[in-house]
Amino acid sequence: MTEPLLRIKGLVKHYPGRRRLFGPRPAPTRAIDGISFDIHAGETLGLVGESGCGKSTTGRAILQLVRPTAGQVRYRHQDLTALPAAQMRDLRREMQMIFQDPYSSLDPRMRVADLIAEPLDIHGIARGPARREKVAELLDAVGLPASALSRYPHEFSGGQRQRIGIARALALSPKFIVADEAVSALDVSIQAQVINLMQDLQDRLGLTYLFISHNLNVVRHISDRVGVMYLGQLVEIGTSRDVFARPLHPYTRALIDAAPSLNARRRERVILQGEVPKAGVPRGCIFRSRCPEARALCATDRPQPREADGRLVACHNIS
Amino acid sequence: MIGNVIGRLLQVLPTLFGVLVLVFAMTHVLPGDPARLIAGPEATDAEVAGLRADLGLDQPVGAQFITYLSNLSRGEMGRSLHSNRPVVDELAARLPRTLILTGLALAIMISLGLAAGIISAIKPDSLRDHLLTGLSLTGISVPLFWLGLMLVLVFSYHLRWLPTGGTSSLRGYILPAVTLGLGAAAMLARLMRSSLLDIIHQDYIRTARAKGAREAVVIGRHALRNALIPAVTLIGLEAGILLGGAVIVETIFSINGIGRYLVQSIQYRDYPATQGAVLVIAVIFITVNLLTDLSYGLLDPRQRRGAA
Amino acid sequence: MSLMRLDPARGRIAGFALPRLPRFRALRNWRVSLGGAILLVVLVSSLLAPWISPFDPYAQDLKAALLPPGGSHLLGTDEFGRDLLSRLIWGGRIALLVAAVSVVVSLIAGLFLGLVAGYFGGWLDALIMRGVDILLAFPNFLLAIAMVAILGPGLANMLVAIAIFGIPGFVRLYRAEVLTLKGADYVEAARSMGAGPWQVIRRHILPNSIPLVIVLCSLRAATAILVASGLSFLGLGVEPPLPDWGAMLTNGREYLRVAPHLTTVPGLAIMALVFAFNIFGDGLRDILDPRRKH
Amino acid sequence: MKHNDQRSLMKALFATSVIALTPISAMAEGDLTVGLSAIATRLDAQQLVTGSADAIASSLIYDTLVIRDAKGAFRPGVAETWEVAPDGKSLRFTIRDGATFHDGTPITAAAVKALFDSTLDPANNSLGSGAYKPYVDGVALAGDRTVVFTLKYPYAAALALFAIPSGGIQSPGSLGAQKLNEAKAVVGSGPYRVADWVPGDSLTLEANPDYWGAKPAFDHIILREIPENESRLLALETGEVGVINNVPATSLPTLQDTPGVQVQTFPSTRIQYLGFNTKIPLLSDKRVRQALNYAIDRDAVVNTILAGVANPATSFVSSNAWGHADVGTYPYDPDKARALLQEAGVAAGSKLELAVPEAYLPGGRQIGELLQANFNAIGLDTTINRYEWSTFQGVMEAHKGYEAYLLGWASVTGDADRSLTPFSALGITVNFANYDNPQVFDWVKEAAGQTDPALRKAIYRKVQEQLKEDAPWAPLAEIRYAIGTAAGLSGVFVDHNGVLVLRDAIQAAP
Amino acid sequence: MSCPAPIAALAPDLLTIRNLRVHFPGQTGEVLAVDGVDLTLRAGEIVGLVGESGSGKSVTAMSILRLVPGARSSGQIALEGRDLIGLGAAEMRALRGDRIGMVFQNPMTSLNPAYTIGNQLIEAVRLHRPLGRGAARKLALTRLAEVGLTDAARVFTSYPHELSGGMRQRAMIAMAMICAPALLIADEPTTALGVTTQAQILHLLDRLRREHGTAILLITHDLAVVAAICDRVAVMYAGSVVEEAPSDDLIDRPRHPYTRALIEAIPSETGDRRRLYSIPGAALMRPDAQACAFAPRCATASERCRAARPPLITSGARGLRCWHPLEVSP
């Protein structure tokens, strides 16, 4: 196994509760509660989970857009969490991000040419003709007409705006891209176009994706490996084929079972009861309140991820 | 609920202290010596110096501030340099008049402002709406005292319906309150209209309609309740601005309230009186803001448990 | 120091793209056209004052004192026999000056403080906002009175007082706008590209706050003129014989019964100009601010 | 709107906008309501500054030893008889028998002596003492009903000192309490007592049943503060009040043609003048000062701006003050003014600053702008610095930092001495012109001590002629005070200090 | 005492929509948002109305209750044999919430933040039933329990912001069902919810229609949701219905090129990395009277498709609007 591109160890991000004048300090919300995983060069790692499970905070924490409370993000033998701002700024050229909402991730007052070239301007790379050439190249790479250059974001459809976002992300020819719900806001037909584009770019430029989404079908389609998150913890991570074919963690099973799909239609489903608990559950397994196979042990100590069937699963019931 | 009340109070103290320091510094920087002012041009230098010592004005400013603060903590605001009467009594005699004036103006503001805002929001871009928008835009553009003078010209001189002011009877308050209240009503009408129009586009309004409720109920019950939240903020802020306006209106209509007392005491360089008046105005201002914050809780349940 | 260097060749203001006003909707918005028309009239008449005003605004003619409107003096004369129409036209210059100075000062100070407080937050934000709270808790009028009482009356001091008094309001509103803009995805995108704070501000925060800034400036101009007339009323305004509308209004008060036109005419002039700024700002807010679509 | 929503909305609107409109209240029978631009802020005669609004009330609450009538003649007050010593160095007053203070205690010579001792005592620096300290040496008892005041030097106008408000006779016992300025602490000797006092709003006086003199004409006299000129005027026209003071020139025409109301104006010793700071280069040259005098259109001041409330000034000492000499003022001659300026080598367009305490002087603002136009007409570049009263005093006190200034002055005793002595010294005095002519100063001192009226008048004539020549002050107008009274009310007048006197008011039967 | 349940008459069609057209006043004159929608619903049946954004599916649904501000509908909408288009405002209002209930997409913003859930439910029932507050309260509590809210009493007294997304959606369903309506229109009811919550809500809707015989019109953009719960489905494109069929039949044997393209654009479970079929170009926003709206993006489009608009031909349980439907083995 070659040295992974990114190695995340014990990543934690807690948001302190709003300080009340009287009474105890409220428990912090545990957005990310200690997760570790690797991302290998050239692969697409899917990160899936329901809203509030901390998947998009993880993406932002890796890119240091959010300062992690604890843990390490090792990239090219350096721990990003300890890097001074200037050095981090240079490294950012190799790590870019694609956003969910095509309407709010592009500055409405800037023309497409400036939007795409912004990363270049920020780092002072390429001026004048070189800049124009690079922008034309990027436009072409994402399948947008040259006429788009002088127009404003509000003149494009959702799908086209997402392509502009992708072009911008490619401007500094990064190695690693975090796609946070990159296609969730698009209609199915447009979604397909963007997914195909991302896959073509990956093959051509050797990109590595961290693909964050709540849509299981899209994640299964695009990811080589996939991680399932629940309430800030990584409950299961393995190859996409294994996880979707033979889900091990009870929550993964329930998740896959609940997702409506064209093929397995109206079969009797195991409907997961209850609600996501509000405050983080400090001790024991976070899923135990809704887990059909919960036992005494689950309530006392927190299950550590262990090897099973070629992947890591954080559950006591897995031998 | 109590937690955030006290929390808000603690936040208010530094502001209050800031106002006090600002006022104390400002009055002492004003040119002109109060002792000379009281003694008049005829008095000899010795007499003026004697008077200054009597009034404690000869001590360094810092010491005066400390004595002022210690008196204040005992609720003692010192005596007016000009009339030698306790400032607390002078303010107490005048406070009711200012409160009646601003109270009436607030009533006018709330009744006219809310009514105009609602009427124009119900049928946007109708003739009524344009009319009321034009009127409210005019309302906020009128110089306060010019409006006062015009009202006096019409209602006091020509029609002789209302006295030109004075606090003998409640009728003396009508013109001043209208002068003060109209501009504020115009401002509230504009805010009410835009906040109602924003809310009418919200999803829960569509849900209310889908339940089969009449338009009047949809607007009256569902939209209005939520539109009142920003309106309450403005009413809180506006109550403060009314106090500022009271200074002018009390001068035009010779109502002997805190506003005019403050202007006079600035002119007489009557430090204790000035500080007392500003303190009272600032306290009223801050209390009103506090009340508006707390009234949030009543109107907007989302605010109820969250710290202020 | 002009904030934006117009660069027509490339159709953009150096550094930020010129916000294209959608298809002149501005003209079809009746509020902007009405407000704009009045402002234009006042501006043109003020600039052409020396040529279009029928009399010398300062020439005293005590024989012709307190003439009612009509006849040779269209709007009548004041207590010194000076022509009211001419003083009104010349007075326009002072009103516009008051508006301009107040807007520029509040803009520069308000923008900077609002930006620093809004974008960087932390103790700086608390400090600035505490200061703003104190100034706002202090009824705005008294601030102006005290300041002019310290500096002494006169046009220059009045301008300073009005300008400073306008800053707290501006800071609070602009800080709120910066806070909302700071939360936009495209700002996070810029940060993810490695943009430093000042790059983000220059490239994204400032250009996107242009609509609010324009609206705030026009509303600020309106308030400044109102406060100036208020200060004149309390005897703290412009030094004579300058034909300031507020001073004319205040001095006319003594003749309210004998010569009401001395009060009504300048009052209407102030109201018209303030109305123009208010309605212009109101109309602009609908056009420039994409969020307000109703 | 659903039915009940509409109803509640209409109710709210209805309540605030329609209040029963009853006619304005008429004055109660047997009472006199007076609308004043300002009512008393202090009632203690000792703390009284002459000419201030406090004097109006104190002239009703306190009797003075002698009382002056409308013509200025003296009549008996607390003192039944009085006489000036031949050498003019002392005055003897015999206290009336049977007169009592408001608390019933008898007014005795001892009480009068105790009162004046405390006034003159430097320890309690009472403001009212300013008028006495320069002249009165001491107070002595001569027998149980006679008080003798010894003077520092023979002073011809000494008697007038004992008719001014700060000489009001109050019970010495109440002096301590008086300092706290509480209404109940006031124990006076006059025809009316304090009934109720709402500072800054109204002061109600009730008739003193056991007053020694003529029975007070009214049960109550209510002094109401209506600072706004127009409101005060309207209050008189609608009958809300029976008397108003300080009627401005601009309101005279409307008042004159209002039925049921009469306007009266009274002369005073107040002169309104333009002073020149002789210490600054431009104004140190007498010719420049004279040029400015020629430039002033005094007719416009008296007959346009102060129409009806002023007389042309003919000397720095008012014609209503004893000792006035009709030396005349400079005629309006702009050409002569320009010539004099050229002769004095003053370049065209040189700057002149005019300090104007607008609100303090009747017609102050208009006179300021007129003078500005007058001086600009002769080639100067005049700017007006407008001050409110307290800042103006702050600036003038330093006796530097100003050029020309507009001000007024009245002789408290109605004698030329009080029009000239305060100006005849350098340093902290009202001599803001910093006028320094030892010859004139000596003449003024000499006149003050001269008991022979003819000789005294001659000296004053020489002083006034010299002042016209040196022209440190340019007299503009003699101020008259205008008051408005309801028809049928007579006996109300304004004394030479500009104080409204209501003691002798009589309401004719309606 | 619950609402009198409708007599489950074997009315053939509960709701029939014939040639519905909806016009909007735009800046430049009338805009046609929906042109030619035909749909039928029988009691207790769940029909899906699927289409991409801008296809007019929401406008169609909302027009049934005339909730589209400023729009003008023509054609025929009949509920229980009564034409809704001609109804007066008062009669339409009497219908809303009584005979037809509605559930909206975003539970976060569709409930009034200033009133408790109970308060809003009581209002919903007292608008149509002469019940006192007590009786209304009891009915509301039973409905809340029916929609699976275990602690109905607590939910009754809570404010919307105190509940999770799922609980709020259940409360909204309880509110829509409180008068036991004959028809429930659900506009993207689960789009804003997580996968597991979505499953719970879909399961709930299915249970309600079986227990109450309420017909459900489900508006969604997600074919998988349709496959999971709907009996029949109509596919809309650019303002008109292009294909209608029983859901399994439609998904296995789509006959309209757009429907097939939609199905193939969805990543299948096989997980192979084959390229997804992506329809070129972008959807045309407004119905085009002279041609088939899908022609510009259709692989099998002919000259005829560009010249004339195909009518909707229904044969048996299927409807189709296409000149060259795909040949499918029966």
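Note that the chains are named A, B, C, D and E in the order they appear, and that numbering of residues resets to 1 at the start of each chain.
Keep this in mind: a contact is a pair of C-beta atoms (placed from the backbone, for glycine too) under 8 Å apart; a residue touches a chain by one contact, two chains touch by 3 or more.
These numbers were taken from a predicted model, which means no experiment stands behind them.
S.K.: Could you work out how many touching-chain steps separate subunit B from subunit D at minimum?
M.R.: Step count on the best path from subunit B to subunit D: 1.
S.K.: Based on mean C-alpha positions, I'd like to know which chain lies farthest from subunit A.
M.R.: Comparing chain centres, D lies farthest from subunit A.
S.K.: What chain sits nearest the middle when you go by CA atom centres?
M.R.: So the chain sitting closest to the middle is B.
S.K.: Can you check how far apart subunit A and subunit D are, centre to centre, with Cα atoms defining each centre and the answer in Å?
M.R.: The answer is 87 Å.
S.K.: Report the inter-chain centroid distance for subunit A and subunit C in whole angstrom, where each centroid is the mean of the CA atoms.
M.R.: 49
S.K.: Centroid from C-alpha atoms only, then distance subunit A to subunit E, rounded to Å. What do you get?
M.R.: Averaging C-alpha atoms per chain gives centres 32 Å apart.
S.K.: Report the inter-centroid distance (CA atoms only) between subunit B and subunit C in whole Å.
M.R.: Inter-chain centre distance comes to 23 Å.
S.K.: Name the residues of subunit C that each touch 2 or more other chains.
M.R.: 149, 253, 256-257
S.K.: Can you tell me which positions in subunit C touch subunit A when the two form their complex?
M.R.: Touch list, subunit C to subunit A: 12, 16-17, 19-20, 184-186, 188-196, 199, 203-204, 207-208, 210, 290.
S.K.: Spell out the residues on subunit A that touch subunit E in their complex, using ranges where they run on.
M.R.: 50-52, 157, 159-160, 187-193, 195-196, 199, 214, 216-218, 220-222, 240-241, 244-245, 254-255, 257-266, 269, 271-273, 275-276
S.K.: What residues on subunit B touch subunit D, complex-wise?
M.R.: 30-34, 36-47, 50-51, 54, 82-85, 90, 93-94, 104, 107-108, 111-112, 115, 118, 152, 156-157, 160-171, 174, 214, 216-217, 219-220, 251-254, 256, 261, 264, 267-269
S.K.: With touch defined as at the start, can you tell me which subunit C residues reach subunit B in the complex?
M.R.: That would be residues 130-131, 133-134, 136-142, 145-146, 149-150, 222, 226, 229-230, 233-234, 246, 249, 253, 256-257, 260, 263-264, 267, 270-271, 274-275, 278-279, 282, 292, 294 of subunit C.
S.K.: Quick one: in the complex, what on subunit E touches subunit B?
M.R.: 65, 67, 93-98, 101-102, 104, 106, 109-115, 123-124, 127-128, 159, 161, 172, 175-176
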